[in-house]
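Below you'll find a set of structures to go through.
Each of the two complexes below includes subunit A, the first together with subunit B, the second together with subunit C.
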Partner chain A sequence: MLRSDRLLAYAMILPVVIAVVAFVVGPTYNVATLSLTQVVMGQERGFGTLGNFRALAADPVFGLVLQNTAIWILGGTFLCVTVGLGVGTFLAIDSRMTGWLRALILLPWVLPDVVTAMAWKWMLHGQVGILGQTLQSSGLTEGTVSFLGDPDLVMWMLVIVLIWRKMPLVALILCAAIRSVPDDQLEAARMDGANAVERFRFVTLPNIAFSLTAVTVISMIWITAEFALPWIMTGGGPANASQIMATYIYQQSFEFFNWGVASAMSVINLFMLATIVALYLYVNRRSWASEESK
Partner chain B sequence: MSPSINRRQFLGATAAAGAAAFLPFSRAHAAGGDVSVWKFGGTPQEVEVWAQRNDVFSQANPDINLNYSYFNGQIRRQKILAGFQTNRVADVVIAFGQDIPEFAGFGMLQPLDDIAGSRIEGWKERIVPEVYQSGVHEGKLYALPTYVDMASFLAINLDAMEEAGFDRPPETWDELREYAKAMTKPDRPGIAFPATTAPVDINIFEGLAYANGGRIFDEESGKVTLNDKGVVDALQLYIDLIADGSTPAATSLTETFFRDTAQLFGQGRSAMWIGLSWLNTPWGVNEDVRWTGVPFPRPDKPSGSYEPVSAIMDGTAMLMISSRSKNPEAALEYIDFWSQNPQLEIWGGQPEIARIPAGKAAWDNPELKEAWPNWVSSYDAGTLFKGGAPMPRFIGVSAIESALGTAIQQAVLGQKTPQEALDEANAAAQTQIDLIRG
Partner chain C sequence: MGSVALRNIRKSYGPVEVLHGIDLDIQDGEFTVLVGPSGCGKSTLLRSIAGLETITGGDICIDETVINSLAPKERNIAMVFQNYALYPHMSVAKNMGFSLRLAKESPSEINRKVNAAAEILDLTNLLDRYPRQLSGGQRQRVAMGRAIVRDPKVFLFDEPLSNLDAKLRVQMRSEIKELHQRLKTTTVYVTHDQIEAMTMADRIVVMRGGQVEQIGTPLELYDRPASVFVAGFIGSPSMNFIAATARDDGLLLDTDESLGKTPVALANGRGVIAGFRPEDIRLSDTGVSAKVALIEPTGAETQLVLRTGENSIVMTTRDRISLSPGDPVHFSISEGKLHCFDAESERALSGAV
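Let's turn to the complex of A and B:
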């Protein structure tokens, strides 16, 4: 490559580099330094301390927050991708019905977060919610059910709503990937006597591995960043039963003005997410390598 | 990080010095230019009336370009804080009295006494002294109140009450339990109370606890007092009402906040509910629901360590001037406009009957007398604010109220006894307070 070409290439990517530094690296660095600073009510009371992390370790709510966050991110991602894979596989079948469904399935995706959260909040409400009343009138439950007021149910209800909201795009991406699997490979497997499950396991899945990995990582990041849904539906309640990292960071930052602790949580959140994503990518890279060597 | 502190301090000091240098010069001029106003929260009627009065202000002050925005009350802290940090905060902020200590501690407000001059006397003349005091923090006036809300009150369905054989609302906690039990039907609980972590729901509970001699924080010692007997016994009242079978399911209470509870009462789906002084007035009730609002029954024998109060109160439309206001003269003009009787008497022609008015003249209004005869007779007798106290307000109040909200939910859900829940909340809140207060 000529020197002038290289310079042109650098010049063309420069705006992106500047944007990434300004909007990603800069704020991340700022949060990292804030996490090592005692900042309360906007007043900085000393840099170079692990006090914020110690405060989190001593906070009895933080353990519950971590547990809920694990359900939210890992449970949400697993179910979102699993259900999305199932729905995507179904949508990949050519028929008039699936043609319509491919368009209709995006409806939950296009609704604003606030509308989704409010609608589900009312549908799940213990006294006026249509779901609880339907269950009661059909004789399945004795009384109405407070899905969001019951600490044992609330986290899983949030995950269900999350899947309803996020799964359609996952399903469509995987549907597109499945439809791009070469027909000759599937036909060859069929001729070799492979049944539908075996064809899916040994032909389709390896072919969509890259899309599956990408969509899993993206889903995980989406779900980690999701705030409006849990905050509007439950506000972290009842009794912190649905308090997750995103809502607790918000509460510490903007309700208690406790920015140091909130930044420490953000750093932990970032570290956890990066670890999970790196591990996932590493495992899948090995599986791709083994596929390539076959 | 140290250099950034110094830089900020330097910038703040030089900005303040610059402002101080120009202040005498600029005050000599009549107010003009742009003034931005952020109002947070309010009943639907209030929001409408406020905008109408703003038009009157603009007509009366053609040199001032009023830029008014309305926001949901729940986001005020975030919005104001973000605006302050990015130097985009409005000149006038209309927020809650409970916010004053933290905003003042944060350096976000300027004391009105320092800039209002002789206007202060007029404000004192026109505003009820007890209400005026709700804008004062550490001896300085930081906010001009236009009304206050009081806690706690009880809305009662009169048909349900008479059907249960009673001829007057309950007056003590024991009577309340008896009434609630007697008024309960299979498809209609005798009483409902909101138990989410929404600030208003917590204020409603605080009204009960303070009336029982409880407090959530002792300013003198700096100690959180959530596990004071007065607070514990108030929470026990909630638990007793649930145990009596007089309420909706406990899990439902923790997901139903004050507005939902008011609507259930308005639809005849609960016979009583516990709320702030406005009760159902912002949203109304079904035509077939005959109801009244009364002060919440008193504890039979207050058990807290502090003086029992008759009610706690707070203004939720208090006008404050940002310390970063670019046009404090115009901001002051706007505040002075809202201190005038036509604005304080927001019942005239546009009856807003949900709030306890700040203006002395408003108490002569016949519409107010018709809507809340008990308030007016108490005010005339000088007893309305007697024994009243401000709602909790101090630096760190949100942290303590958040811990209290969690404790209320834990007890309501039966996860812990009131004492256990409040002991735990007390310890957690104390940690937060120690951190915040350094």
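Let's turn to the complex of A and C:
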């Protein structure tokens, strides 16, 4: 009886196991083996080489890509969460205006990637972009600014558009978390003599720690996976100044057909992401929410 | 020192006024209980004293100083919340020391005060625990500890025991009272439980619909209720009320049977509401005739429901009863235990005020 129950239970989860193996483990394995395979012009030439990784290490662009990716992922996540926290805190205030704003703020989020990317691309355009022209006509700058054409600026412009697009959901999630902080704890803190900042620091923040962690990790994964936005807006340019992991992988595989190198990058990307997330979860679980760090 | 004076306190939410001018004087060291049914404004009043609600009119004074516009933290008041409101991410010690930490006291000083309070409340072994690891009663004690460490002028309690089970409630009740006798801090305590009010209070404020119905010591309220509401609210099982008519110096039921002597002189034929407590009823050979409807033994005493005409009357007795439902009985009311209320205003015509 017990035995057959157990068999039945295994049978019931079998479809999920198959699906996970087929759609997650399979492709990952495939990419991993491909990264160890020499590929020339789309033709496989021998398995069991670290040549792809060596090629990456020797590639001068790859260093730049890593640097840009750091700005993209770390800067993007950090700003996304901090700005989202600020906006979420504001939206958590009860009033008629915030009620409307809570609905409106999702607008950037429901637009398709391509539309967002094209709209921003034109707004930031060096000659005809409305932002550059406004700056010029208002006398703040001498000429128009080529936001996406300036290698020093382009990465940060991408991050700003990214935040415009991803922050609203973060803000909404954090807003919901903040609104569910028990009132009596906040009132107790008021009685204990905490001012608004102290209440936020000592009551609200620890209470939303779980949501904050979750949203940070999720944003990081979203941002790492985000490809359409940077690819459409800059295509990695100018001169690789905005080339990030996602776009470089795409370029290597679908423009240069360097499947092996692209796979090697994917593997690096995967390990990086896994490490960051694991580290973050570890640190988070251990300390800051529970006050005991001091 | 910590006397509290409320002068004509009014509070409105938009067009709805929930407190209609409350006046109350609380002496230093007094244990005052605000009691009343849900929605009577007792919690709002307490929160107004705390500064968590702004009042629409009137003055709140502590030690003769008007504190209307002061922030909660400047009022030197501590409050214990119904749901304890402990900070879940802080240990018991951190919870209790939080206010001191905000006040930038030195760690050693915080430690000393927290330990002293923990000693009083028997929490010393629990200082390193987190709220989620504590039982309801322990959490309640931590919440009280958090109030004690600040050594405030006034303690406010907002239905602190309503989340505890019946047995624990009785225990915590005496603990709070003992604590008050020890610390002698002025205390305002809100509850909807009249037994809590009776057992703990030096003085009870009965509230109803945003107004004070009566203020007095527990026994004053019990012996001389000022209105039908207070009479019915205080005491369990509650007072019996029955319509009666004054005739000569007696109160007659519609069956022309006499309940007893009127407590005050009344005009002949005046309709009143007669009230008498369950324990003041005696079964006798003469008196009002009734039928036994229900017998509920509780051990120490027995509760009987008697039916006379349309009226149900609850009586309690410590005697063992050999009656069964349906038996005819007669009852009378102990001398001087009859209360009389105006039929219209429901205010007392005798006894208090």
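In the analysis below, the second predicted complex is superposed on the first by the 274 of 294 C-alpha atoms of A that agree within 3 Å, B and C clash if a C-alpha of one lies under 4 Å from a C-alpha of the other, contacts with A are read in each partner's own complex, and residues count from 1 in each chain.
Note that a residue touches a chain if its C-beta (ideal position, glycine included) is under 8 Å from a C-beta of that chain, and two chains touch if they have at least 3 such contacts.
Predicted model only: the values in this text are computed from it and were never measured.
Model built by superposing both complexes on subunit A: subunit B and subunit C fit together without a clash.
In the superposition on chain A, A:M191 makes contact with subunit C only, not with subunit B.
Contacts of A:S146 after superposition on the shared chain: subunit B is touched, whereas subunit C is not.
Taking subunit B and subunit C in turn and counting the residues of subunit A each one touches, the greater count comes from B.
Contacts of A:I221 after superposition: neither subunit B nor subunit C is touched. Contacts of A:L281 after superposition: neither subunit B nor subunit C is touched. When the two structures are aligned on the shared chain, A:V203 is found in touch with subunit C, with no touch to subunit B. By the document's definition of touching, neither partner reaches A:V83: not subunit B, not subunit C. In the superposition on chain A, A:N240 makes contact with subunit B only, not with subunit C.
Superposition on the common chain places the nearest Cα atoms of subunit B and subunit C 52 Å from each other. In the superposition on chain A, no subunit A position is in contact with subunit B in one complex as well as with subunit C in the other. Listed in rising order, the residues of subunit A touching subunit B in the complex are 33, 37, 40-42, 44-45, 47, 55, 58-61, 125-128, 143-144, 146, 148-151, 234-240, 251, 254-258, 261.
Residues 50-52, 71-73, 77-79, 81-83, 85-91, 94, 98-99, 102-103, 130, 146, 150 of subunit C touch subunit A in their complex. Against subunit A, in their complex, subunit B makes its touches with residues 1-2, 4-5, 77-78, 81, 85, 102, 105-107, 196-198, 248-256, 260, 264, 269, 395-396, 398-399, 402, 405-406, 409-410, 412-413, 415, 424, 428, 431-432, 435-436, 438.
Residues of subunit A touching subunit C in their complex: 182, 184-185, 187-194, 198, 202-203, 206-207, 209, 289-292.
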